[in-house]
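Okay, so subunit A shows up in both of these, paired with subunit B first and subunit C after.
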Partner chain A sequence: MNQIEGEGYKASIDEAQQILRIEGTLRLNGLGEYVPISAMLSRLLLLGATPVLDLTSLGFLNSSGIAVLSKFVIEARTLNLQTLRILGAESVPWQGKSLRNLQRLMPALTLELI
Partner chain B sequence: MSLTRRILLPILILAALVMSGMVAIVVWDTEQRAVQDETRELSLIGQAFNTELLTLNSFALGLATEVAHNGQVQFAMATQNRALLQKTVMPGYKALKVRLEIPQYQFHLPPAISFLRVHKPDQFGDDLSSFRQMVVKANQQHISLNGLEVGRAGVGARGIAPIAFQGAHVGTVEFGFDLGPAFLHALKQRYQVDWQVVLAKRAAEVATFNQKTLRVGNVVLQSTTLAQPLITQQSDFKMRDQGYYSLVSQSGRDYRVLTLPLRSYSGEVIGWVEIFKDRSAVVAARNMRLFEAVGLIVVVLTLTALMVSYLVMSALRPLRPLTDAAKEIARGEFGRDLSVYTQHHDEIGALAQAMQSMARQLSQLIHNLEGLVSTRTQELQAANNKITELNAVLTEDNQRMQAEIAITHKIQKMILPSVSECNAVAPLDIAGFMEPADEVGGDYYDVLQHGEQIYLAIGDVTGHGLGSSLVMLMTQSAVRTLVALDETDPNRVMNTLNRALYDNIKRIRCEKNLTLVFLHYCANATGGGGQLHITGQHESILIVRRNGELEEIDTWELGFPLGLVEDISEYISAMSLPLAVGDTVLLYTDGITEAANEVQMLYGIQRLKTVLIAHHKESADAIVQAIVADVKQHIATQEVYDDLTLVVFKQR
Partner chain C sequence: MVVEYYGAQVGLPVMSERLILSFSPGQLPLKQRWRNNGLSADFMGDYVTAFFPRDDGEPSTARRQAEIKGAVTYIANELLENAMKYHDESSTALIELTLEMGEDKLIFRLRHAVTIARLAVLREFIARLTASDADTLYMEQLEENAMSAQSSGLGLLTMINDYNADIAWQFESVAEMNWCVGTQVCMPI
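Let's turn to the complex of A and B:
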């Protein structure tokens, strides 16, 4: 499954480029509902040595989603990945602080705010 | 009926047109033939008439020539002995008269003196020279003449011969035959047509005959065989010296007329003979034929109409039960048996089969439909019941949520430090403000005093609702517990808080986390001011020094969101800064800086700083009021999405 779509959001994975792109707004209820997204994030980490998470078109992410992202970064850290790129957008309010905290969780993470 | 009429009408019109056309052609053709026949007959009669006229003229001249060569006649004329002449010719005249009508038998002396009228012996001696040019000319030139000339009794065919005695001209003898009624009646008997002789007025006027005769315009009637004379032309036909045909009618009779010019002995046209061919019989025959033809047309059309009607009716008869059946189907009755018609091997049979099949299918369809409607109705009823149940549940849920909101509002307000608690903190002037949003967020602040130690905290749990409120409560309890244990080590404080919250959040599965800054104030032992120890990640802390100088403390590096990851020890640090008398510290949540107005413009930290600086000399409570007023002015009528929380404290 290279693409999942739900109410207001879309997540698609490009295996060749090792890019997971999440778009729209994510308001899923609890970690349970985030399982498909979590699975995709885990798959991204197994695609290769230079995974990219593109969140530039993700307008909103609720606290459960932040928790999921945090777990994803910790997972990446435990895998000893040399690099993890997360692309964000300066114009989206939630991203600035939250993504910077992710970077603190994993210093090897490169955060690119466009 | 309308179908019959629609089929019948074009057929009848076509038949009527064709038959009328044929009748018209036949009648026209017959008429043309009749005209040809009539003109040919008239033409032949006209030629015969001219021959008769020639014969008559020759006969008259022959008789005259015979008499002129009689010696006794010559002698009597030479001696002008009328008695002798009369005695000589009378026996011959009388003998002739037995067999032949001789209207005129006359001797003249030169130039044109009537010497003896054998047919009228008592009248003599009159001069004829004024109008008898033939007589004058014969006496002048001593020659024989014959031809037509108008005399006292009208136009006649005349023959004149000169009489000589011993070589000397002594006079002339003339025989004349009138073109009168007797002559014309004889012609009528021979040729079975009517005759009429008319004279041009100018020709008739040179004569002196004064018969009571018909004069019309320039035409004078000489004689006619018609019961009533028919003057076809009133002009003298000066230009018409050729024969011509015409059609006239009188008293209901139609005539075709051939008019032939009558020429005098000298060739001058003096009148006309008109030959009347009665065509009444032809016209009657034609009318009869027309009548018969029309009758035939009517009969044929009537027969055609009857036949077509019969054919159409017999073709349509089986349709009537089918029409009735269709009407029954339209009413929803499918029972009629059409098997009698389905056996027909024609269009009717096909129609009947189609209809029977249609009725069967419709019947099944309706039957199925009724079943379907019944099933659907039951399903709908079931669905409706479910909706009703759900609605009840929802109503219940809604009520519960209303209650929940009311409870969380209450909890949030209840757990906040009271004004008296704040006032009890001697070294600091503290004022707090919190206004929960409609949906209740998870904002939290606290002011705690344990012994000489003073603690302040402000936090913001992500999300809204009971879960956020619960996490806030747990946080408050945990902070109070730590304070009660006099725990001031930043690492232990934050790590303990994180661990307790992380585990509890995991247990209640609400995935919340919070930012929290924890402040520990120690008054200087020497008095006047104190030290402020800060740990934890939250919004910036704003400090306005007594002189109005503003400092913004970024707490980002001092901690990590609590409850998000299991261990945050490596992200925790602390900082300390002195507070002098009159210094003001402002703590706030993002509900303040991210308060939006109608056009979604955020309140912003810059405006917050401006208001703070403007009011920093006032009491903590006055500063809080000023900021709240300014924020509310910004929000205006816009809905408040997030809790608004402020804490201001000043070093006394």
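Let's turn to the complex of A and C:
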């Protein structure tokens, strides 16, 4: 599946570009409800050597979502990926605060806050 | 009544601005009530913007307003999610979330009934937090989460690490086998 939509959020994969875009507001209940998103994140890592996660339009993410993102980064690290780009937005306050921790999990990760 | 305190309890002058949300635990399944956390948290985030107005001639005021709104929405949502997950279902006591606004800080106070089993988990978390620094614990927790199906304590750790908040707790035995927990989150602004 290349796109999933739920109340207030959307996630879509562009296979050719190796980009997964997650947009909207994500505050699902626990890791269980995040399974479809986690599955898409895992798929992104299998598309090629230069995956990009675009979160620029993700206005809100709860701590369960932060746990899901950290799992994804650790998965990338385990796969020995040489690069992983995460795009964020300077204008979305949570991103500057919480995305930086992901870089500490995987030094090869580039975080670009636009 | 037995009361146990963990961490520094902070007070604000009586006249400080405050907003209180109070609701019954109710009988609806968790799944059906879950979206109310987001609605309430968004409301709290919007509400505080009145106290941090934007001045169109001064871009830093718009940034500050957005920062505070984002922080309030995040912290309120995490606290409400915790209340939903961990309140004692056998109790009819109300769940209450208060936001107090001071000159240089915001204080969130969450109060709800808890089971003795939940208190034990909280005591263990507080002991880990006291024995380690929050930053190390946070990174450890992220690594641990990758190996398990749980993400426990991460909400509180993000408040401390990403929002510079201090957290304190108050455990109150209101009757035999009947406990309430108060969680105070104090965030500098």
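The criterion applied here is as follows: the second predicted complex is superposed on the first by the 114 of 114 C-alpha atoms of A that agree within 3 Å, B and C clash if a C-alpha of one lies under 4 Å from a C-alpha of the other, contacts with A are read in each partner's own complex, and residues count from 1 in each chain.
The definition used in the following text is that a contact is a pair of C-beta atoms (placed from the backbone, for glycine too) under 8 Å apart; a residue touches a chain by one contact, two chains touch by 3 or more.
The model shown is predicted, which means the values in this text are computed figures rather than measured ones.
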Clash-or-fit label for the pair subunit B, subunit C on subunit A: clash
Contacts of A:Glu7 with subunit B and subunit C, given as first, second, both or neither: second
First (subunit B), second (subunit C), both or neither touched by A:Ser63: both
Partner contacting more residues of subunit A (subunit B vs subunit C): C
Which of subunit B and subunit C A:Pro93 touches, first, second, both or neither: both
First (subunit B), second (subunit C), both or neither touched by A:Arg85: neither
Touching partner for A:Ile74 - first (subunit B), second (subunit C), both, neither: both
Which of subunit B and subunit C A:Leu31 touches, first, second, both or neither: both
Touching partner for A:Arg104 - first (subunit B), second (subunit C), both, neither: both
147-155, 219-227, 597-605 or 615-623: stretch of subunit B that collides with subunit C: 597-605
Subunit B/subunit C common contact set on subunit A: 30-32, 62-64, 66-67, 70-71, 74, 93, 97, 101, 104-105
Sites on subunit A touched by subunit B in the complex: 30-32, 62-64, 66-67, 70-71, 74, 93, 97, 100-101, 104-105
Parts of subunit C lying in touch with subunit A, wherever the complex brings them together: 30-31, 34-35, 37-38, 66-67, 69-71, 73-74, 77-78, 81, 138-139, 142-143, 145-146, 149-151, 154-155, 158, 161-163
Residue ranges of subunit A touching subunit C (in the complex, touch as defined): 7-8, 25, 27, 29-32, 60, 62-64, 66-67, 70-71, 74-75, 91-94, 97-98, 101, 104-105
Subunit A-touching residues of subunit B, taken from the complex the two chains share: 462-463, 509-513, 537, 556, 560-561, 564-565, 571, 594
